[in-house]
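In what comes next, subunit A is part of two complexes: it sits with subunit B in the first one and with subunit C in the second one.
Let's look at the complex of A and B:
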């Protein structure tokens, strides 16, 4: 009796939070679905009724669709690669006892606190600017022609900027993973004749695999929707248009809410496929 | 071969000298136990021998060759850690194979040694499991297996049984002793438990504060402890230590009498006292007797069938030839 009582009380208490969450998620989701089935051009006749799947077929058959999916995957993959590889290296470095460890660790985390728009602007104007940027000066100092980063290597530039922002996150999680490794295991491996590389490959890396999958999972979820960095730097030009950016252009630049909403539904599907895929990997890793 | 010589080996962590210069020789094939209270530097000494810590001074020789600067993997020593330090993501087979794989042994030789070790340690049915799926005793055996297959010059054990329950600990104690008899390899074993030291060792090294208090066979230490510390540490229950009048009467500052060297009577004896707590082990009973005029109770071993109730009056008599005498510095008077 008591448990049943407290259970219904718990349900009652939780109801407002659950209700808020549902509304928070369901309202935008159903609005997206609703608009995706309608022809809705705010500046050219407004809401003109149901067209059902026409928006979906138009979005996917547009010449910009598949390139944008490809760009999304390249950017996400590139950032994941850089932040995991350098995250591991930085974590290994920060794990070494050294002078001023506390300060160095805070400095490493710092980029995470910079807003995406700000960091993109800083990179664009202070580092990558072809006339006044730091890189341009560096290139000229060696007698080379400065690279016009954002138009010559737009994807690489964006990957660089976003990796810089996400590296601290990866480093921090991987560092805690390294620090949780039992030092006796490393000593045992050392006595067993494992050199530095073998110890890294056979002991440290397997120990970190769980943390690495978590980093990949969390970053992917956030990276699929990066926007500010592209908006501020290339504005979607030079083949740097991701799916998110394409949807934004359809809705705001082409003023086609229906088409944009259909794109949004595709983005949800893509995110879910990726999430499902990752969940399976993580699930396998977390079980072991 | 595994003859290990420590020559004025010293270790300091920063300003703290954990081990003042120390000399010790461990003969080939010997089972040596380092015993002492927690924090006395046993693990540090073992890690110096293993090469996991660098010495602050002195020389370590293995089979006559200077090994002071030789990296741990090249010293030919195998270590079993207190936490077992198994590799959690590898199967038992791969754990045991790891040192051989690092040494680049051919696969068939690896397989042969794994089979032999698994058979000797009762692990054959568990070779494909992960360490996480094994009990404490089995993990311990895997750790030993990983050490055996290297065919080292000496085994180093750091409190290997302290994570096991009492029954398993006894079983593993026998297994390790058996292993030593069979392999005839030098073993250095660290423990804080004097029972492990007494039952397993050929030679016991008693340490306190990084200093060797005494080196000797278990019975030598039991019969002739060099000072009060060793006297109190070796033997269970602890030796009774008396100072004052009783000691002065025998020309010493302190006298020590083991519980098994006191006889008890209900009618007559040297000291009169009342029975306090009785600890029954079945075969023996340890009585704590409060002597008249003394603060600390005296522990006395009596036969398990001896019946005495709390508060009974008894008389105690010590075997005079078994009394240990110590001077004011705590050193044994011959």
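Let's look at the complex of A and C:
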């Protein structure tokens, strides 16, 4: 249906977006690659020439590296587990007939729209503060000693805060998926004597599997780069330093750009591995 | 699924769902309530829920002390500017991909998506350095451009999935009636595309408003939006829960309201059309 004329017009219309994204990707990326091969300390001697892979080996062999990988995995894994499991339960619940469903949906989705710095600070102070926080009041009411959340259980605290932000996202997507399920299929299964559990296990869960995969992949990409929540709560202290935060500290706080850039390249490779899986699913969807 | 259930069962569902909904919403509710308390009431033990002397004092103090309006304006400027600019650039691209697809359209779309996956921290220093050398560190316009580039893939994708749903037959009919490319876009497509464009604007405004990596790292004073304004409360002096709450409420209220309107678009936009 497209003529030669409209084809060239189409290419022309696509050009600005493609060009901008190409520049946005290639320029900083090649700079990061370039810096990663150099000894570059802006405040202590500047650019001191090529060291090739020394930054890469030093980044990995530094004592902060493996703990940060471990922290990243615990935080990302914990949040994924919470948001997927509770997301499924909440989606199933919200799909049930009830009064005021719309309002409940609004209440559940709200945390997703709260800006990260606000949610981190509100949780840190008004809930987790060891003297005046609500949790401290609650603990005292039961005669227990208040917990110093952010230093005694920093990972748990961060997981709690970020899960609160991302659970609504998972719930909303999973709910959308459940609602697209053909109810006749469920009724047929019910008439054939399938109980709640087997209907869930054999019909609802398989139907949701694609949505679950998408939730996991998208969240992983966003969660690998959580920053503000750590920035305003612990500042990377008490073993809450993720890979992203470690790179940030190398680059901007200790101004070791070469080392930080090598870390950045690792982060980019890691994110791309996850992205590859996501793209395959999304790509399949484009064909359909 | 409209299945008939008994009323007791429905009442039970309602009770559980409302309970959980309120529990999840509680931190926001508590923040809003605390913003109307005095500092002493804000930390009272046992906590007071509603029976306190409602006051607007905190809002006045926050505005006076830190010039909230400037941060608000920066947020509006950066989020609004980047979104509008992004849509202007993305509409032609998405239009051509949806209506004049070629063999490479799918590859281009996926490639655009892949730029979104680039972890920001991996390119933090290059961007930081470029901003310094161009003299645009702590500059609103620089942030407009950067946030536009970050959200451009999502904007293109959302628009693409909306445009895809406009039936091609309508275009053919218009062409048969003698409409050229310009008339096609102006009189046929635009009216049909407006809802999709509006949803795209809404969701991306929200995403840009809440963006907290570049806005924290590339601003200091002049261009600092609300994300940075709130972050400045992370090192408190004295009693400040009520003021923190007032500042937080002011930062999230506009977006919370917009967000509720965009629930449906959220799913589509953030899953790149993979879940609808």
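One rule holds for everything that comes next: the second predicted complex is superposed on the first by the 265 of 288 C-alpha atoms of A that agree within 3 Å, B and C clash if a C-alpha of one lies under 4 Å from a C-alpha of the other, contacts with A are read in each partner's own complex, and residues count from 1 in each chain.
Heads up, the rule we're going with is that a residue touches a chain if its C-beta (ideal position, glycine included) is under 8 Å from a C-beta of that chain, and two chains touch if they have at least 3 such contacts.
Since we're looking at a predicted model, the values are computed, not measured.
> Consider subunit A as the common anchor and indicate whether subunit B and subunit C clash or fit when overlaid.
Subunit B/subunit C on subunit A - fit side by side.
> I'd like to know which partner A:135 touches here: subunit B for first, subunit C for second, both or neither.
Neither partner.
> Applying the document's definition of touch, where does A:203 land relative to subunit B and subunit C: first, second, both, or neither?
first
> So, does A:238 touch the first partner subunit B, the second partner subunit C, both, or neither?
The answer is neither, since A:238 touches no partner chain.
> Applying the document's definition of touching, compare subunit B and subunit C: which contacts more of subunit A?
Looking at subunit B versus subunit C, the one contacting more residues of subunit A is C.
> Pick one for A:97: touches subunit B only (first), subunit C only (second), both, or neither.
second
> Taking the superposition on A as described, I'd like to know which of subunit B and subunit C A:189 touches: first, second, both or neither.
In the superposed model, A:189 contacts subunit B only, not subunit C.
> Please state, to the nearest 10 degrees, the angle that the Cα centres of subunit B and subunit C subtend at the Cα centre of subunit A after superposition.
Result: 80 degrees, to the nearest ten.
> Between subunit B and subunit C, whom does A:156 touch in the aligned arrangement: first, second, both, or neither?
Neither: A:156 stays clear of subunit B and subunit C.
> Given the touch rule stated above, what does A:24 touch, subunit B (first), subunit C (second), both, or neither?
The second partner, subunit C, only.
> Between subunit B and subunit C, report the minimum C-alpha distance in the superposition, expressed in whole angstrom.
Minimum C-alpha separation, subunit B to subunit C: 6 Å.
> Let me check the overlay on chain A: which residues of subunit A are in contact with subunit B and also with subunit C?
187
> What part of subunit C is in contact with subunit A in the complex they form?
1-3, 5, 10-11, 13-14, 16-18, 20-22, 24-25, 27-28, 30-31, 34, 43, 45-47, 89-90, 92-93, 95-97, 99-100, 102, 106, 108-110, 112-115, 117-130, 149, 152-153, 156, 168, 172, 181, 206, 209-210, 212-213, 216-217, 226-228, 230-231, 233-234, 236, 240-241, 244-245, 248, 251-252, 255-256, 258-260, 263, 266-267, 270-276
> Would you mind writing out the residues of subunit A in touch with subunit B in their complex?
182, 184-185, 187-194, 198, 202-203, 206-207, 209, 288
> Which stretch or stretches of subunit A touch subunit C in the complex?
These residues of subunit A touch subunit C: 1-2, 6-7, 9-11, 13-14, 16-18, 20-21, 24-25, 27-29, 31-32, 35, 90, 93-101, 103-119, 121-127, 132, 134, 137, 140-141, 164, 167-169, 172-173, 176-177, 179-181, 183, 186-187, 210-211, 214, 218, 221, 224-225, 227-228, 231-233, 244, 247-248, 251-252, 257, 260-261, 264-265, 267-268, 270-272, 274-275, 278-279, 281-283, 285-287.
> What does subunit B use to touch subunit A in their complex?
Going by the criterion above, the answer is residues 50-52, 71-73, 77-79, 81-83, 85-90, 98-99, 102-103, 146, 150.
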